[in-house]
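Right after this note come the structures.
The same subunit A turns up in both complexes below, where it pairs with subunit B and then with subunit C.
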Partner chain A sequence: MSGVRAAVAPGPGGILVRAGVFAYVGLLVALPLAALLATGLAPGLIALWQAVSAPAAADALVLTLTTANVMALINAVTGTATAWVLVRYDFRGRDLLSGLVDLPFAIPTLVTGVMLVLLFGPQSVIGGWLARQGTQVAYATPSILLALLFITVPFVVRAVEPVLMEQDPAEEEAARTLGAGTFTILRRILLPALAPAIISGTIRSYARALGEFGSIVVVSGNIPYKTLTAPIYVFGEIESGRAEVAAAVSAVLLAVALALTLAARVIERLAGVTRG
Partner chain B sequence: MGSREPTRHLGPGQWLLVGAVVLYLGAILALPLVAIFAHALEAGVGPLLQTFDDPLARHGLWLSLVLALIALLANGAVGVGGALVLPRHRFLGRRLLDALVDLPLAVSPVMTGLAFLLVFGRGGWLEPALAAGDWKVTFAFPGLVLATLFVTFPFTLREVGYVLEELGTEEEEAAATLGASSWQTFWRVTLPNIRYGLGYGVILTTARALGEFGAVLVLGGAISGRTQTATTFIYNALEERQEPAAYGVALVLALASILLLAALEWLKRQRRKEI
Partner chain C sequence: MRLTPHPTIYLLAALGLALAATLAACDGGAPAPRTSTAPGKSRTLVLGAYTTPREAYGKAIIPAFQRHWKEKTGEEVRFQESYLGSGAQARAIIGGFEADIAALSLEADVDQIAQAGLITNDWKAGAHQGMVSRSVVVLAVRPGNPKEVRDWDDLRRPGLAILTPNVRTSGGAMWNLCAMYGAALRGQTSAPKGDPAAAEKLLAEVLRNVGVMDKGARESILSFEKGVGDVAITYENEVLVGRQAGRPYEYVIPRSTILIENPIAVVDHYADKHGVRDLADAFVAFVRTPETQRVFADHGLRSIDEGVAKETAGRFAPVEDLFTIRNLGGWPEVRKTLFAPGAVYDRISAGLGARR
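And then the complex of A and B:
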């Protein structure tokens, strides 16, 4: 990592590449997001509050945040356990399991939604059985949680894996020799070492969940005040020609997502966690 | 790194943990995947083939493929350029640029669509300029291209960036010392070295472009036969209660993503072998 410096002093070619990348990112990424924030914030804070606190919008935001909270808790635990199993144990099918973790990067979110409908819809075997037990998954809140859990599987796993690989098992062995039990080792050695990666991975999965659209829109039923999430509320407002309201709610969600992403970056930098 | 080999002979407690993880990932990830293939098998090959008979479905799949190709070329070129410049050069605004690169990952696709509407749509920032040139961006092909480029932008740049960071600059410096021009160094030394990062980037970009939904729906309007992509075709078919058509195209996309995933895992294994 010490070799991160100019390969060749940036000549005219390097400067040109730099300018080109700046222009491309500026036009493609910065300009539209600036328009979104400007439109969302232009009417002033009072109008922004009114847009966000309108009953349908407020309910949608609360639903999005609540489902994301539950998802984050589950991800922190299952993601860490998955990374542990993949790094520390050698067993038949480990490569397949590792490949499965990457599945959400490859599957279109809308197809995820279609799959969940096929699995839990009223006509399906499982959905029919659950309905007879009095539980509804599709077109109800549980389907939102399942969709979020599907699309965010890789985040915590891929954040914790590299840290776990560098964690020296000699520390754990020394503790064990000195008589420490599994839980003491977990609490005193492993969790402190892994915490930054677990937290930053969870935060990134949370930011991703706040904006999820494709997998939820076909499976949740989008019932206002019940299963309508914030991004789908924004979509409805765009379709109804109320771009200002859509931009206001978007600006709030975007601000939260940006703050979270920034927090994750800071945690990664402080802990010296490298991604990828 | 890798100071200990993974445990080969697992105890009962360790098997229990493996079992729990397999059960969780099986329920969350594998079961839905099985559902779509089970449904397809149940229906038989006929409906799948009918998918390709439907000109609108064919058009949607073709359009998604074209968009993926454009994203590959444009974001591939800019991504490699950016990955060479960002971690290695020191310049004003580097941190800002670095943060901007990650932004598309934090923005909801619906908001991406809305953001571009506010620039190019009715009453948008650039509407007068577009009207003067009689250009149409929203609800037209250029809008689909912009949406796809935005959502796939970070992949190649980041994946190539990670590889370059690990690599350092010694080989390139050696080439330069031996008298290679910077162009020669790029083609003979840098490009072969970043091939895995480029491979990951290409696969992730293709998968994301084929699967993009929210942004192309908002910005393209899903006009059938014109701006309707594979995903928006599925969405419209579901809205019109034409489930077989929707499930057919969804199955095609699912198969494509499994092929891409297999390619990704193959590349990862090749890279591990080399290290």
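And then the complex of A and C:
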């Protein structure tokens, strides 16, 4: 990717293309964001702070950020492991596994929520058994985590996979012949090479999780101060006609997601330079 | 490597410019899905409704009106129907969804459209004060009522699992809380009569037992059907329709509950703009005729027409102490005391914050 920076001065066609693409992305992405920020900031920064720090809003934001944090940590490990298995091993069902990894992108998240309720709801075998053990999954915080993990499966896997493919297995074999254990190989050879990809994939999954609505609204129970996440709080505020409050809380989610996405890009670029 | 623009990139650029041009050409209003109609012979009526009466309107009332109008005038009427949560539908209409008729769950939602200047007629003037159907708030329970839930006070019992939708997103949830709060204020529960603090305490104890707050009344009863919860606070008509469809739950009518009244109104601004005012007026009159009221009764709704109400009385259990939103001071007052920021509902949900 790196190294193809404008080799020639753009001709008139190139300028037109750039203007067109810029206009397209600008109108599609930047304009709605600007509308949101304008609404959120219209009543002033103090009003924004009051909207965000209202107990119910703050609690919903904390819940969203916490569940996203836990999800991100789990994803970093399981995603890397999945990519490792997909790249380093050739086995029956490998294509099936790879296809399954992409599936969450294709399933409407509302359906994800319904699936989880069917699996863990009080009427289901698993849900009933868990209830007898004193654990509640559906309509409780664990279900939020499960929904987030489900919808973000592809992020880390697909970020790590190409880097791992470039990584020569010979290095690992050499280390092994020299007597290095699995842990040392992981620490000295694999992780340094994979870290940027793991981090950027994790960050992207985190940003995606912040906005998740469809699955959580079905599966979490939506009780204020208990299982009500920020996007669903935002939805409630819109529905009860308080667009400024909704815009303020959305602006916080957006700022976090934007900062993280930019961070992911910076990490990718730095990694690109050191590799190249 | 030399970067030459690939032909498809021109296509992409053209697409972007076309999009920009399209957006610029839009007049900024929300898109209203209207089919073009030939002037004179056939006109289209746009109905913006809440979700509960979807089957009643779509399968029975609209076809009947089309036949009725054709016989009377020879004109074909086409319909466009939109069904959303009551509040969301009101906001869509205010935002530019050009519905000729608004049929909503809450009077307050039609009031909002009127306040936006889109309804200018005195829509509450008629014999039925602008209403078209009725229901009551009831308690759906499991077969045989194993938890022995008989009245509002039973809902405060610790360990009971209750379903009621989210007040922020559901008109039905507001009706539910009004029913309980009103019953308490009227001295029909263990709370002393006319004691708002005691009524608030009852609500708080009941809400503590609520484990799932779905988006709307329909989602809530669907969760109940999936086996969640011991009791669902819901509309009588949802339960009756569910039972007609063979769902195995029962229901209990609390001793004191609220009469739900659903309004319908012509949205003057859009009806005039589309030249369908006579049609819209005729439709609103049509839904109040005994024939149509019988259709609503078949879909579990109590009738506003006295004759039909008597006829169908056997299908709807009597309520000992039935009150209306006016007994609580009307919607503007109820919004202020119960649902405004910092009011009863906010205070109670802040009290639920045991997690912190």
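What we mean here is this: the second predicted complex is superposed on the first by the 248 of 276 C-alpha atoms of A that agree within 3 Å, B and C clash if a C-alpha of one lies under 4 Å from a C-alpha of the other, contacts with A are read in each partner's own complex, and residues count from 1 in each chain.
We adopt the following convention: contacts are C-beta pairs under 8 Å (C-beta built on N, C-alpha and C of every residue); 3 or more make two chains touch, one makes a residue touch a chain.
In this text the structure is predicted, and so the values were computed from the model without any measurement.
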| item | value |
| --- | --- |
| First, second, both or neither for A:V87, with subunit B first and subunit C second | first |
| Contacts of A:P122 with subunit B and subunit C, given as first, second, both or neither | second |
| Touched partner set for A:G13, first subunit B, second subunit C, both or neither | both |
| Which superposed partner A:Y225 touches (first subunit B, second subunit C, both, neither) | second |
| Touched partner set for A:Y139, first subunit B, second subunit C, both or neither | second |
| Which superposed partner A:Y24 touches (first subunit B, second subunit C, both, neither) | both |
| Subunit B versus subunit C as contact partner of A:D59, first or second or both or neither | second |
| Which of subunit B and subunit C A:S240 touches, first, second, both or neither | second |
| Dominant contact partner of subunit A by residue count, subunit C or subunit B | B |
| Touching both subunit B and subunit C, residues of subunit A | 4, 6-8, 13-14, 17, 20-21, 24, 28, 217, 235 |
| Partner subunit B, residues of subunit A touching it in the complex | 1-8, 10-11, 13-14, 17-18, 20-22, 24-25, 28-33, 35-36, 39, 78, 81-82, 84-85, 87-91, 93, 95, 97-112, 114-116, 118-119, 124, 146, 149-150, 153, 165-166, 168-170, 207-208, 210-214, 217-218, 231-232, 234-235, 238, 243, 246-247, 250, 253-254, 257-258, 260-262, 265, 274-276 |
| Residues of subunit C that touch subunit A when the two form their complex | 1-3, 5, 9-10, 12-17, 19-20, 23, 85, 87-88, 91, 112, 166-169, 210-215, 226-228, 339, 341, 346, 349-350, 352-356 |
| Subunit A residues within the subunit C interface of the complex | 4, 6-8, 13-14, 16-17, 19-21, 23-24, 27-28, 55-56, 59, 117, 121-123, 138-139, 217, 221-226, 235-237, 239-242 |
| For the subunit B and subunit A complex, residues of the former touching the latter | 1-8, 10, 14, 17-18, 20-22, 24-25, 28-33, 35-36, 39, 78, 81-82, 84-91, 93, 97, 99-119, 121, 124-125, 146, 149-150, 153, 158-159, 162, 165-170, 172-173, 176, 182-183, 185, 204, 207-208, 210-214, 217-218, 231, 234-235, 238, 246-247, 250, 253-254, 257-258, 260-262, 264-265, 269 |
